[in-house]
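You will see two complexes here that share subunit A, one where it goes with subunit B and one where it goes with subunit C.
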Partner chain A sequence: MKVKAENNRENSVPKGVTDFLPEQAELIGFIEERINRTFELWGFRRIIPPMFEFEELLAVGMDDSLRDKSFRFEDRQSHRLLAIPPDITPQVARIEAMRMSGYPLPHRLYYNGRVLRQVESQSGRSRELFQSGVELIGLESPEADAEMIAMSAEVLRKLGFTGFKLDLGQVEFFRGIMSAADLSLSVLKALQESIARKDSTTVRSILESVDIPDVTKSEIAELPRMFGSADVIQKASLTVRNDRSRRALDNLAKVVDILAIHGIRDELTIDLGEIRGLSYHTGVTFEGFVPDIGEPVCGGGRYDGLMGRYGRPAPATGFAFNVLNLLQGLEKSAVINLPVTPKILLFNMKEDRTAALELTARLREKGFIVARDIIRRDLHDSIEYARRTGIQSVVIVGDLAADERDAVLLKVSDGTRRVFTMTDQAFLDRSELFS
Partner chain B sequence: MKVKAENNRENSVPKGVTDFLPEQAELIGFIEERINRTFELWGFRRIIPPMFEFEELLAVGMDDSLRDKSFRFEDRQSHRLLAIPPDITPQVARIEAMRMSGYPLPHRLYYNGRVLRQVESQSGRSRELFQSGVELIGLESPEADAEMIAMSAEVLRKLGFTGFKLDLGQVEFFRGIMSAADLSLSVLKALQESIARKDSTTVRSILESVDIPDVTKSEIAELPRMFGSADVIQKASLTVRNDRSRRALDNLAKVVDILAIHGIRDELTIDLGEIRGLSYHTGVTFEGFVPDIGEPVCGGGRYDGLMGRYGRPAPATGFAFNVLNLLQGLEKSAVINLPVTPKILLFNMKEDRTAALELTARLREKGFIVARDIIRRDLHDSIEYARRTGIQSVVIVGDLAADERDAVLLKVSDGTRRVFTMTDQAFLDRSELFS
Partner chain C sequence: MNDFITIAIPKGRILEESVALFKKIGIDCDELLGSSRKLIFENPEQKMRYMIVRATDVPTYVEYGSADLGIVGKDTLLEQGKDLYEPLDLKFGYCRMMVAEPVGLAEKDDPSRWANIRIATKYPNITEKYFSSRGIQVEIIKLYGSIELAPLVGLSERIVDLVSTGETLKQNGLVEVETIAEITTRLVVNRASLKTKHERIIGIIEGLERFL
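Presenting the complex of A and B:
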């Protein structure tokens, strides 16, 4: 089969996956580098789970709705069902429980990987997600929860985001209220959705039709209003009577206090009414948002029950960045702090390549990006090539006008030329001349 | 389902894939960082192809044997057949031809990704490969071929390998000889295998049974001996009469000459008898080997026909590292130049966390890895935890013996203590004290 070249994204890849060309790939690299560097400085160590697993074992760590999203196929070797993970956390839990019992707790682990999820045809959503995240296993203290949120703030700052928001919840608060009400699943779901929409009217009308204690009714009726700045926690503690919800509020308040010491206050919002996140969460959860992007750029929370499912009970918390949402956010934001490395095109006019190759190696040692212009064409075309590919300087070796030991540095932006001696280290150190 | 925790690799992942725990993951990160850095300094720009593609479109760039190795499944959305790529080069060719016609040639592109390949059950081979590679599209000069080989040598040196070998071939040499002989596929295959084994006896006995020109017979008979150092090229040119093979030798000699300018001589071996690599190769090919590892750590070559299959004909060359083979090589080699960052465990004895968190942030700004010891336990246990997890120093905030503004630096290796003022920048700059 031969295909016709067309600059056509639609025809070249399936819906929900993307080719990332150099401009976007560079930004993704920048994002992942900042994330990984932060994770490492906070003492997290990388692990690399495999691209596919036994479906049955992976499913242990997922709820059914996520499980249904995984890409599955039969193993030609074992004839067991395999799956490509739709989420990396269950893989980390499996590895921690089944492979790392020799390491002392707590474990600080990070990963960056790509996962696949089946989505509705018409949703237009990505089927391939880039996840970079951490798991902190073996600690139940609020300080561990705060560590997750503080790290996410540090990464967002390092990426240059301003005006980001971190939205905190505590799933036990909602569960504490609901456990006193013996509601059918359909009523519970309807309530949950109206609360998430902050739709007090619908919540009240649902409550009129059910037979549950009055105190619980009034607690539920308040839920659509239980979001906003940190003082929501204080307000909620005046409304809510049940112990489980009150413990949840105390726990959340401690996390907020520790975050204040980290210098994180104005970025925080609280939402006690929304049960977001995956069903395995058991405590404080959070999501991060950057300006102009509707989807969260990160999210996570406590999941004290998950490790036990893999046979090694332990408290745990974690979160992950959605790297492609961060990419979108960066593309919309004005400031991108991409480190700029001078790019040079080296144009050799000599028959002998020795001088050109030696100078190239020397420039690379200085940290410059140097592409050798191997193609046979005239200098004018090479300068045009440099301009179109974002290269700032052309260095010409063997220009007839120059001395044998000299080269010419030509600025692509304005065409100015500067002769220098190829062995002049001091000149080569002046990176501003090349950028 | 609940599972029983066992430290058992066999039961936890399918055959042919691996969990990489922190020690190995760190080495993989080190390898990929060195590779990417080199690719970038040589002017290559990253692209990120998707994890799956339309099988039909991917197959355009693969021979049948590779195509059979791909993991395939039906697209729930389009009902077309999808495949997870067994090799990234066809993806790059597709992207270049169908998506990058707006960029001027040549293109220097790099990628690092993971691919899946079906393998025989009993082979014990990996089904998941980590590939980091480049494609240089739009250049037919021997200098472009030399650039690939020189880059691979630079990476192997930067990784600390000594005594590595780069084995060069030229597929046109073999094809030139064989095109004069009208041999059946089965005879051709038998010959190819005996030549690869350097089995002159079998080669001669096969030749006795076939009816081809004498000059071709003598050329073929020489093939099992046409390997060794660079002077093999000279010897071969005395033996071989056909033009196609002679042009191949000239081309290979030019590449070897350019590599000499790059300082690459002793590392080179030549093998004119082995047709390795993928069937899309059309010129110089090479493979890299490091001591004690039988499988190549990198390989590639010229493939001038591939781009045309995607509708945009262009000369091209490229190569990829097999990252897991490099990992094995590093693990067997004595010297690993892993950059060492001091690791600190911060132990807070104060009720108030402010001083501890401030010092932690300051140490991280200095580039130290700092894990906060959040768990409640006594200092002795913390030191033991640090020892077992490879942390060099414990910093204690709020030790009763110290002044309010002081902290204690405790070396894990010998238990020595040193008191310092937490705001003493000069002390914090002395990274040797912490490592």
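Presenting the complex of A and C:
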């Protein structure tokens, strides 16, 4: 039996998904357009992965916690388990390894997509994420890492954000320290969790109970405090002795130097205790934060091991924006620099629609956004409709006060009228009159 | 508003001790101790804002970034498992998360032989995690207060709860049989705040650390 929509209004969509109405959808479009434009300016080409894949193959490129969040179902055709990806990077890795062996390296690929993730039922979080990201495959140079971070800064600037921070980490630094200590898996896990929370009290109490060299102990104990501005790298290089960690610091310092050439200095913070995505990343990682938003708006890093899992080993780095977090950030920030294309409502008072439709076409050619009113109603009601839908001017064809060849341009904001000849190209070029 | 630091603090003893601690590093928030029913206080000169919230809501405000910092018991953090930084142990509010049972049961009980037990608690997640790590099946009854009552009326055999002096346990004929965790009050920080306001927040953390 069909449920009537009106009886089911309270639960019109499942929890964790959202209907975006024109105002927000327009902003999302603006954000994605800025992102895509930047990616393209840096030489990235778009790819479009499928909506769902074989779960087994997708899982090759994910850690277990992410894998557990995917939406899964059975394929009626192949009877295999399918999954809607919770992240696009494994899809890109699969596509690169399996389909793009004929392309020369490096690959610069970008994508816009929606992914689904299961969340805890009461968390109030969205289960649908809008991701826009890039993968740069085939380069291991620090310049490639810096390119990711510089692009994310460029997008955040173009969106009008000020006071944003890009927080850099290097997971090899952590691994270097930990590999010097012979720790049981359970102790290692407890330490990792406490370091990720910057809980130095628990870190110290765990260290008291293990038998490892004092040098290593003091290095580990410092990890929760190794964050701050760029001088953290310097400070760390004075205290940490093992080769692997020192190489990681050199690598991170190179990335920071290259970012300085890109003009990115004050936006950087360093966090050597940041080990989210440890199972996946192999070098420099980063996350972007904007004021007043509690979660990162972008994140990514180097993952040299991933491509090999799909059978074609290659160094790689990448990152993705969380578009809905950017949307929230824009809505909270005072300035939104939406591009302003004048919007016009075309109101026809004549019986015949020829003149109205011809003028509409001419205005659109000039780049104006033009909607035909179509409904028969009072001019007053049409002006009210325009005002409420963000349309700046109403153009009236067939106004009794105007000549046959003329139309009237009426500004919604103040009601001023201006008569013009419909074929007057010079008038139609003056977009400031219409906005 | 953006350059303000907002701190979420629960009412009660934690509030008093926090105000005293912040005073030591020159952050004056005596106003919070008054009898006002206001929930939010601002100090424009110091660019500080304070929110009075329920203890169990502190992690939520901080996780979403409505507050940059929060002060909350480790018990609440363990129970909720939110993604927050907790850089400082403020050392006050010490108590223990423990398993207790009636004196009569304790006399003949052997915790190493527990296989499936019934526990009443305000902390279902901590309880679940603790017993499953020990391979014990547990049926959890979630209560919101007066947990000590449950074994007295046969609702459960045992309880998991916080104890500081042990007086309430004693008066109700219960004894502590196992300690799950030691609990103190923590300073928690929103992840994004630590990055976007790192200079001020590092200043606060390092300042407080000197007095702990």
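In this section, the second predicted complex is superposed on the first by the 424 of 435 C-alpha atoms of A that agree within 3 Å, B and C clash if a C-alpha of one lies under 4 Å from a C-alpha of the other, contacts with A are read in each partner's own complex, and residues count from 1 in each chain.
One rule holds in what follows: a contact is a pair of C-beta atoms (placed from the backbone, for glycine too) under 8 Å apart; a residue touches a chain by one contact, two chains touch by 3 or more.
As the structure is a prediction and not an experimental result, all values here were calculated from the model.
Participant: Consider subunit A as the common anchor and indicate whether subunit B and subunit C clash or fit when overlaid.
Facilitator: Result for subunit B and subunit C: fit.
Participant: Just to be sure I read the superposition right, which of the two partners does A:Asp199 touch: subunit B = first, subunit C = second, or both, or neither?
Facilitator: The second partner, subunit C, only.
Participant: Counting residues of subunit A touched by each partner, does subunit B or subunit C come out ahead?
Facilitator: After superposing on chain A, more of subunit A is contacted by B.
Participant: Applying the touch criterion given at the start, work out whether A:Arg312 contacts subunit B, subunit C, both or neither, answering first, second, both or neither.
Facilitator: A:Arg312: touches subunit B, not subunit C.
Participant: Touch check for A:Pro50: first (subunit B), second (subunit C), both, or neither?
Facilitator: It touches subunit B, and subunit C stays clear.
Participant: Between subunit B (first) and subunit C (second), which, if any, makes contact with A:Ser141: first, second, both or neither?
Facilitator: A:Ser141: touches subunit B, not subunit C.
Participant: Is A:Leu379 touching anything from subunit B or subunit C once the two structures are fitted on A? First, second, both or neither.
Facilitator: A:Leu379 contacts neither subunit B nor subunit C.
Participant: Taking the superposition as given, does A:Gly228 touch the first partner, subunit B, the second, subunit C, both, or neither?
Facilitator: A:Gly228 sits against subunit C, while subunit B stays out of touch.
Participant: Quick check on the superposed model: minimum Cα to Cα separation from subunit B to subunit C, whole Å please.
Facilitator: Minimum C-alpha separation, subunit B to subunit C: 19 Å.
Participant: Quick check: in the complex, which residue numbers of subunit B touch subunit A?
Facilitator: For this pair, the touching residues of subunit B are 1-9, 11-22, 24-26, 28-29, 36, 40-43, 45-54, 56-57, 59-60, 71-73, 75-78, 80, 82, 84, 94-95, 97-106, 108-109, 114, 116, 118, 121, 128, 138-139, 141, 143-144, 147, 258, 261-262, 308-312, 341, 343, 345, 353-354, 357, 364, 367-372, 374-376, 384-385, 388-389.
Participant: Under the touch definition given earlier, write down the residues of subunit C that touch subunit A in their complex.
Facilitator: 1-2, 62-66, 84-89, 186, 189-196, 198-199, 202
Participant: State the interface residues of subunit A toward subunit C in the complex, per the touch definition above.
Facilitator: By the definition above, subunit A touches subunit C via 163-165, 167, 197-201, 224-225, 227-229, 269, 271, 287, 289-296.
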